[in-house]
Amino acid sequence: MNELIQIQNLTKIFKSGLVGGYFTTAVDDISFDIHKAEIISLVGESGSGKTTVGRLILRLLKPSLGRIIYEGIDISTLKGKKLKEYYKHVQGVFQDPFASFNPIFKVDRVFNLLFDGYLKDKANKKHELIVESLEKVGLNSLDILGKYPHQMSGGQLQRILIARTLLLDTKLLIADELISMLDASTRVDVLNILGDLRNKEKMSVLFITHDLSLGYYISDTTMIMYRGNIVEFGKTKLVFDNPLHPYTRMLLSSVPEIGRKWKKSELEMKRGELPPGGCPYFDRCPLAMDVCRKKPSLKEIDQNHKVACYAAEGVKSNDPISFGKSHDS
Amino acid sequence: MAKLLDVKDYKVYYQTLKGQIKAVDGVSFFVNSDEVFGVAGESGCGKSTLGNSLIYLKAPMRYAGGNAVLDGNDISKFTDDQMRRIRFEKISIIPQFAMDAMSPTKKIKNIVVDLVREHNKRMSEKEIIDLTVERFKMIGLSKNVVDMYSIELSGGMKQRVVMVISTLLNPRLLIADEITSALDVSSQKFSVEMLDEFKDKQFVSSVIFITHDISVLYQIADRIMIMYAGHVVEIGNTEDIVSKPLHPYTKLLISSLPKMGIQFSQKRLKGIPGYPPNLLNPPTGCRFYDRCPLRVDPQKCQNEIPPLVEYMPGRYIACWAYTKGNDKNE
Amino acid sequence: MKLSDRLKKWDVLYFFLTNSKFKIGISILLFFILLSIVGPFFIHYKPYEYAGVQGSPPSLEHPLGTNPFGYDLYSQLIVALDGTWLVGLIGGGVATIIGLLIGFFSGYKGGFLDEVLMMFTNILLVIPTIALLVIIASFLNSRSVVLESLIIGLTGWPWVARAVRAQTLSLKSREFVSLSKISGAGTLKIIAEDIAPNMLSYVFMVFILQFGGSILAIVGLSFIGLGPTNSVSLGGMLQDSVLWNALILGYWWWMIPPGIVITFMVASLYFINMAMDEAFNPRLRST
Amino acid sequence: MRKYLTRKIIIYLITFFIAASLDWAIPRLMPGNPVSLIVSRFAQASSGSAAQASVLTKQMFDYFMQAFQLNIPWWEQYALFWRNLLTGNLGISMYLYPEPVINIILSAVPYDILFLLPSILLSFWVGNRIGAWAARSKKADNILLPTFYILTSVPYFWLGILLVWIFGTLLRVLPMSGAFSYSMTPSFTFAFIFDYLKHWILPFLSLFIVSLGGWAIGMRNMIIYELESNYSRYMGSLGASQRLIRKYSYRNAILPQITGLALQLGTIVAGAITTEIVFSYPGIGYILFEGIMNKDYPLIQGCFLFIIAGVLLANFIIDILYMFIDPRVKIAYTEG
């Protein structure tokens, strides 16, 4: 078994508003595994629930339903000491490097916190350990230690945050949009660090992103999320070179790429309403059929390539469902 | 082709307690009629300051020199009142913050009517609303939207509404400031296509499209200008810039972009080491000097600002490697 | 460290020292502090002691004159001033501390605790404090300055709690709090290091406002006859002046100085608050 | 919509319930037997011959033992309290014995309404206008803002004292106290109304001027934020005039001010109480003061309940109003 962590039927429902508010399902019954030394990219647009998945695995949120199994233990109900133990192995880096640092402390604090919490016994080697971990992410400790976050660039800060995870026995890193706020010229270098960590430290990374080309570049496995559901999952090459879900195809065709001009498309419009319990892509899907009113489950179509779509499974319908005239006119 | 906008040695500084931040520091370029002129660069390079200052120069932004000639008038010398009259009618903007560009307590139709009637008192309320509805329909928005408040709209819808409002009076020049950066890929494409269509229909003549994302520019721009730390480094046709970048910054920047089909395990891309200079106290010479692998004449590169020269017809570069006498590149 | 970075650290201080509102505010405040330190050396009478000709206007002997009972008003004012500081400190302090505690935990913990605490806070918020103070004070047999300050503090915290909670909520969602969580830091450590210090300036402003508010509250309470029973107070002086017809008699030296002291004491605090507001929200700067 | 109203009504009912319970509980929480405390203190405060006083004291003691029902279990006392409250029985005044408290309070209410409503609403309106104006010009702001701050620091009643001193004692142009001259009887005659207004103007001004400062500061700060907001900037970019941008900003800035009005009501009412004392103006504040001076506990407790009820009612009215002017409330409560 080389599964590192297993996500089973994970669901998160947010309650908004106070008494008698309404509910939003951010993550809708998803299951997947992350293997050892695997970079898995979780791709989705805003509102797809991808960030929620990351925060659930980091236990910054509590799941409404489902289990997150790490080393045989369901961590979704852990508290206090046991949760602290879990953080020895599962760590995170967030989207906004400047917001990740408490502005009133020097950057050293992110290391000090770990020495206070986990590494009391290594306090005598503290400095060497920090210097070493900074070197692993390509930073010179002399440029870093003793400075305030506002004196650093976003790229440096993100590297520092990755370096801190190296002090622990991190097996899984949740990297939530970690480079989306960095400049293009420094982005790829930070991304490369993830690849190196996988290769050298055998770390697994859940790379959450909305940028498909970045996902393609760095990950072994790709998972496409839409409205809280996994619609496609598989080896990165398979998913990107042979996309099966109409949503994935739409996404890929919308990626701006140098050297490939966008094909002019019809203005996409909502076609009718989303049936409750139906395919989440129903109202935007050009292939929607009657059978899609019942949600398709994630099925393995090829080896290492799963999709949740009847059309991709080969279910055929003679006439794509008629939605009538566009509701606007 | 006629020049619609001709900008020469244009400077805009930010006044702060500690001094002036030279955000746009001697920029020269022109925009032709009927073209999409792309402006690209990383955060802090001055591209948004440039775009915003052309239409609405507001403290702490301060005009610090140069000219900007729009349709024969130097708008950099315009008074507030002169400027106010050409905004929206001649030059307009889709702001970066389209998500909260509309007052939350007014209906869309009231906003539109109030804004248009500041310029055109002859148009009746009904005419204005009809025109808005007509344009809404063109981009798939229901006519009911005019009766809504902005807070009832989704992010993508707000963006579309703002695009319609900004172009309602058919401005000659439209500044599109990072309109795709907050959007998902599918909406990005939609916005760009919408802009294209507005241009086809002659709602706008020329567009200055500002973005940090060169691959989006590739989809829409006729020409591209690359900025770095308040300076122009390179201007040229889109295809040339993308496939044959000349300035070392442009080259490195484009080669650092991941493309579909490239994987870390097969080909390791590289970024540009180092960071842009502080614009409060910029270096005296080339602003890319610190990070430049080329430094064709280190003494000169470090101490003298390279001028923007027309290296080939239509291709402008500001790098000592491409000025006469140093022409040992490529 | 680069010069510009060092400047940034001193920016706020520099701003204060050059801000005229701050200068005026702190000068007035220091004047009153000095007055309550130096003032007692020039007191020659007890506050309720026959000191000289009844109802005499200010003179060298009686800098603020006497009232119709022959009490020396300068002595009364200086003694009352001390009590006023105490009310501000205790009342403002208690309200700020309770408000902070409730705000922090309500905002940080969220959920059920938050709903209950906020319900409670909002209810206390709409009940007019003065009415509550009146009903409590009127049933108290003897009322000391400290006790009244405590009561004022205990009724003044709801809006502090609400404001602190709102700030906490916004800080809580910042990623550095998440980072502390996954670094194994506990709730108390996070509140003490990540939340509280980042709203220190805000907390100080809240304290200043509560300080001023408490002074105004005790003055009002004293004026309606529910002030401290065992000492002179500024509000009490004003009540006496109204009850004993200072207005009709034209004893301006009885009713004007206490009011000026209250107004400028509170105003000096507000001026400092205004300067802080401008220092931390540059948009509000007017120069 | 209905959901919003129901929510608000429930919250205000709970609030009133708690406030009234406090009103009931506080005397009972104090050390000692409240009735002997009340009666003994009253005896000290009342003047008149000793014999008269002792008769009265005995009567009162009996009455209050009856009213407080201290011999029955506390929950029955509590239930009784509510039964009385809901039937409008707030007890008998001691100072104006045997006048029912409710009658005394009701006779004061019209004066309060005529005094409070105009001063609150006008100071709110004028304060907001001046505040918005101050935000326009840096020069004006540098003078106006400190002025506003000094105004809010003035105790309401002290401004009243100042005004009486200036206009009543020194200039002798306006009456110093009361709601109308002793020679007048309330009627809808021109002479009475003129006399009434002459008495009304100074109390009105003291409340109006002090509250104005607070509103002006609030609006000034809010509108500066709004003028710097993105929608203002966008409007400016599209060539909107400063006039239009300010109009939009004002529209948004007024909303938190209205919320603030609800929260400030308690403070204003407190100010009104003290102001009425200065002017011997026969509103609830003055009655409360008489109650306090004469240790008339039922009257104090009755005033407390009335003030609370008034503030809650005003809050509720503001909430309803708010629903109509802030589309966000409407939208938030129609979607859910």
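For reference, chains read A, B, C and D in written order, and residue numbers begin at 1 within each chain.
Heads up, the rule we're going with is that a residue touches a chain if its C-beta (ideal position, glycine included) is under 8 Å from a C-beta of that chain, and two chains touch if they have at least 3 such contacts.
None of the values given here were measured: they were computed from a predicted structure.
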Chain separated most widely from subunit A, comparing mean CA positions: D
Core chain by centroid distance, with centroids computed from Cα atoms only: C
Selected interface, A-C versus C-D, where C-beta contact pairs are more numerous: C-D
Centre-to-centre distance between subunit D and subunit A (centres being mean Cα positions), rounded to whole Å: 55
Inter-centroid spacing, subunit D versus subunit C (mean Cα positions, whole Å): 22
Centroid spacing, where centroids are CA-atom means, of subunit B and subunit C in whole angstrom: 51
Gap in Å, rounded to a whole number, between the CA centres of subunit C and subunit A: 50
Per-residue multi-chain contacts in subunit C, two or more chains: 8
Shared-contact residues (touching 2 or more other chains) in subunit D: none
Of subunit D, residues touching subunit B in the complex: 229-231, 233-241, 244, 248, 251-252, 255, 325-328, 331
Residues of subunit C defined as touching subunit D within the complex: 21, 24, 119, 122-123, 125-132, 134-136, 138-141, 159, 212, 216, 219-220, 223-226, 235, 238, 241-242, 247-248, 250, 252, 255-256, 258-259, 262-267, 270-271, 274, 277, 283-284, 286-287
Subunit A residues within the subunit C interface of the complex: 18, 55, 58, 60, 84, 87, 90-92, 94-96, 99-105, 110, 113-114, 116-118, 148, 150-151, 161, 164
Touching residues (chain side subunit A, partner subunit B) in the complex: 45-46, 153, 155, 183-189, 191-192, 195, 210, 212-214, 216-218, 236-237, 240, 250-259, 261-262, 264-265, 267-269, 327-329
Residue ranges of subunit B touching subunit A (in the complex, touch as defined): 42-43, 137, 139-142, 155, 184-186, 188-190, 192-193, 212-216, 218-219, 242-243, 252-254, 256-265, 268-273, 275
